[in-house]
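Next come two complexes built around chain A: one with chain B, the other with chain C.
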Partner chain A sequence: MNPSMAITEAPGLFTADGLTGLIFLVMMAVTLIGGIISCCAERLVRAVAGLIVCFIGVAALYYFLNSPFVAMMQMLIYVGAVCITIAFAIMLAAPEESKKNGPAGPLSGPLGFITAGLVTIGLIVMAMRAKFTSLPKVSDGTMKEMGIQLLTSYSMVFELISIVLLIAIIGALVIARAGRSK
Partner chain B sequence: MSLLTLYNNLNTFLYLAAMLFGMGIYGLVTRRTLIGMLIASELILAAASINFMAFNRFTAPDPTVGQIFTLFIMAIAAAEAAIGLSIIIAVYRNYKSIDTEDLVELKG
Partner chain C sequence: MSLTLLNVIVAVVIAIAFAAANAAYLVWAERRGAARIQRRPGPNINGPFGLLQPPLDGIKLMTKQLMIPGGADKILFMVAPVLAMAPAIMSFVTIPFSKGIAAHNMEIGVLMIFAFASMGAMAILFAGWGSRNKYSVMASVRAVSQNVSYEIPMLITAITVVMVNGSMDLKAISLAQAGGFWHWNIFPSLHSPLMPISFIIFFICSLAETNRAPFDLGEAESELVAGFHTEYGSMGFGLFFMGEYANIVIGASLTTILFLGGWDCPFGMFPGVWWFLLKIYLLIATFIWIRWTFPRTTIYGLLNLSWKILIPISLFNLLLTAGLLKVF
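Right after this comes the complex of A and B.
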């Protein structure tokens, strides 16, 4: 039995715990449906819309994992920035039709589905069989403690991440600017 | 073990992340455009982040570490998306296509 917190007997549906569980189920469904849309939709714009739905669901899951700050960052960074950037790139670069016929490669079609299914089943079986033990908590994981850790233990990584982001911005500008007159 | 207490269980999140990972793999091997593959890779990164957060909540002694790691994953993913999209736009300028089958100049 893997760690699970505060298991009580099954709550009624219309108690606070029951409604929390219901919201979790809905958000889980939203995540999965968004993922299915984003990997199976024919048009790329719909795939991005599915990705947005999926990321909103993931943000809700983070909320359920006691991390409202990371949930907010998920909404800001992924939904607000990454998905919008991908949508702009689709508008700039994706010719809408250009549907070529015929197989796209050996792995498209059923073989790709089998590959992905095997990976998923393997991961699920592995999670089912593994035993994880819960360790006693040494902190609460609040936002204040995160801030302290970010500026003490992880300050080096923090600075490196900002340099990586700066270089990524400059590099993206340089790559996308070259050959602009064509 | 009721359906309504699923959110208190580590395995729920692991299964969910495994399914998201599988969808990402499926998109990665079946998409024929570069942007579609980038979208699928974002799904894979989200699955990895969910795993980090789940272990952070249920097993880790210090629950700040997983959150900080997830924030770093987000920053790296944002940088990766920016660079990847600018490369895709550069490719589109040169080939007038982002189909993976048209990019065969280096193929022997």
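Right after this comes the complex of A and C.
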């Protein structure tokens, strides 16, 4: 499927494009369902499971947007590393079946629904009003092209992100060290 | 329906069949190998050399009742065995068995296999947590920390090979090593004099990543009953077993492609897919041989090996290779 091609009429279901579109819609649904599971789950481990479903859906969307490299990195980093770390932390910190408890925040109940509704309506209005223009292609999504871009045009962003991660690691170590001496 | 779509579907079906057949018959090979090493006959009653044992085991497992322990997290408990098997099958799609035999050759094949292999830890974690059994939880904590710590040196070593060959495409990596065994990545070259050490690190990591002895702390039966699959019976247990063997085949295939030249024949004779199969089955035989020869390590020894020995060596190797690639 060529994304730059203007689709004038919907393709039949049993063509290659039609099936691709169907899988794309299914993956969108998977992403949404994963997010909903993750928000509504009572047990933390199930929330992590929902997060994984959501991440896999997002990875699939990247794949359909012609960037398999980003899709695979999403799988490797978010599913393979971040979710496992979260689940691991839950297992170490809360061995009992931990349910969400404590007072809910000020945005729970009807207020929360109103906020969510307003945000949704705002996003929809913005999307409807915005004029979508097609930008020139930055790269063709291959690994080589992406590497060149990351180390030339976007090297500043690349370095800043690594500094953020370094700070996070140092912060985690500082917190862990303080806990050990007690 | 276009022809390419049909091609992909046929190739994927073949990949699934290959994974399942290998998983079934490697169980037989493992039992026969264990028996030979322990000087007993092993399964030899059903069919010639006991070759009918795997299908009969399958039928037995499928006819048994699926038991879910009380208090278990039902959904996670049911999902875990599927999660153990499915990523392994996904990885088969991109492995090139020969110049023309690959379901879907991807430019980022190495990355894809690692991405799906990293989901294996998830299956163990969910199985251990979902069973609500203290042995299972302990086993999954162990197995996950092991998987996470051995993924690091494995990825670094793979990156070294990718840097030397200049591609993440498994087919391109194999083709770059063509023309006799002295071109294989396992032998030291100008750009990477430490390649044999890389191979050993990668092999150790693939043993640990597939939870094989001497690193099978996730199912240490002398301490944890059967580890994360204590509560599983019937085909749930069967799927865990098949997932383990499918992962072994993938580990052996990846080692073959990255270090042993893929389908390249050592002396330039009889090119074909059989060289690839010969290499992976020799590696798998080594896996089985190691399992029944070495005793299990402790969890501290296991983690120390990764963090204090394998990671520093592989990082040094990466820097050395990068420097030599820049200089020459």
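Just so we're on the same page, the second predicted complex is superposed on the first by the 155 of 182 C-alpha atoms of A that agree within 3 Å, B and C clash if a C-alpha of one lies under 4 Å from a C-alpha of the other, contacts with A are read in each partner's own complex, and residues count from 1 in each chain.
Just so it is clear, a residue touches a chain if its C-beta (ideal position, glycine included) is under 8 Å from a C-beta of that chain, and two chains touch if they have at least 3 such contacts.
Source: prediction; values computed, not measured.
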{"item": "Touching partner for A:V70 - first (chain B), second (chain C), both, neither", "value": "first"}
{"item": "Which superposed partner A:A176 touches (first chain B, second chain C, both, neither)", "value": "first"}
{"item": "Chain B versus chain C as contact partner of A:V45, first or second or both or neither", "value": "second"}
{"item": "Contacts of A:A81 with chain B and chain C, given as first, second, both or neither", "value": "both"}
{"item": "Of chain C and chain B, partner touching more chain A residues", "value": "B"}
{"item": "Which of chain B and chain C A:L92 touches, first, second, both or neither", "value": "both"}
{"item": "First, second, both or neither for A:G18, with chain B first and chain C second", "value": "first"}
{"item": "Intersection of chain A interface sets (partners chain B, chain C)", "value": "69, 73, 81, 85, 88, 92, 95"}
{"item": "Interfacial residue positions of chain A with respect to chain C in the complex", "value": "14-16, 19, 43, 45-46, 49, 52, 68-69, 72-73, 75-76, 79-81, 83-85, 87-88, 91-92, 95, 142-143"}
{"item": "Chain A residues within the chain B interface of the complex", "value": "2-8, 10-11, 13, 17-18, 20-22, 24-25, 28, 31-32, 35-36, 38-40, 44, 47-48, 51, 54-55, 58, 61-62, 64-67, 69-70, 73-74, 77-78, 81-82, 85-86, 88-90, 92-95, 98, 100, 104-105, 107-109, 112-113, 115-117, 119-120, 123-124, 127-128, 132-141, 145-146, 149-150, 154, 157, 161, 164-165, 168-169, 171-173, 175-176, 178-180, 182"}
{"item": "List of chain C residues in touch with chain A within their complex", "value": "1-2, 4-5, 73, 75-76, 79, 106-108, 111-112, 114-116, 118-119, 121-122, 125-126, 129, 137, 140-141, 144-145, 147-148, 151, 168"}
{"item": "Chain A-touching residues of chain B, taken from the complex the two chains share", "value": "1-27, 29-30, 32-33, 35-36, 38-40, 42-43, 46, 49-50, 53-65, 67-68, 70-72, 74-83, 85-90, 92-94, 96-101"}
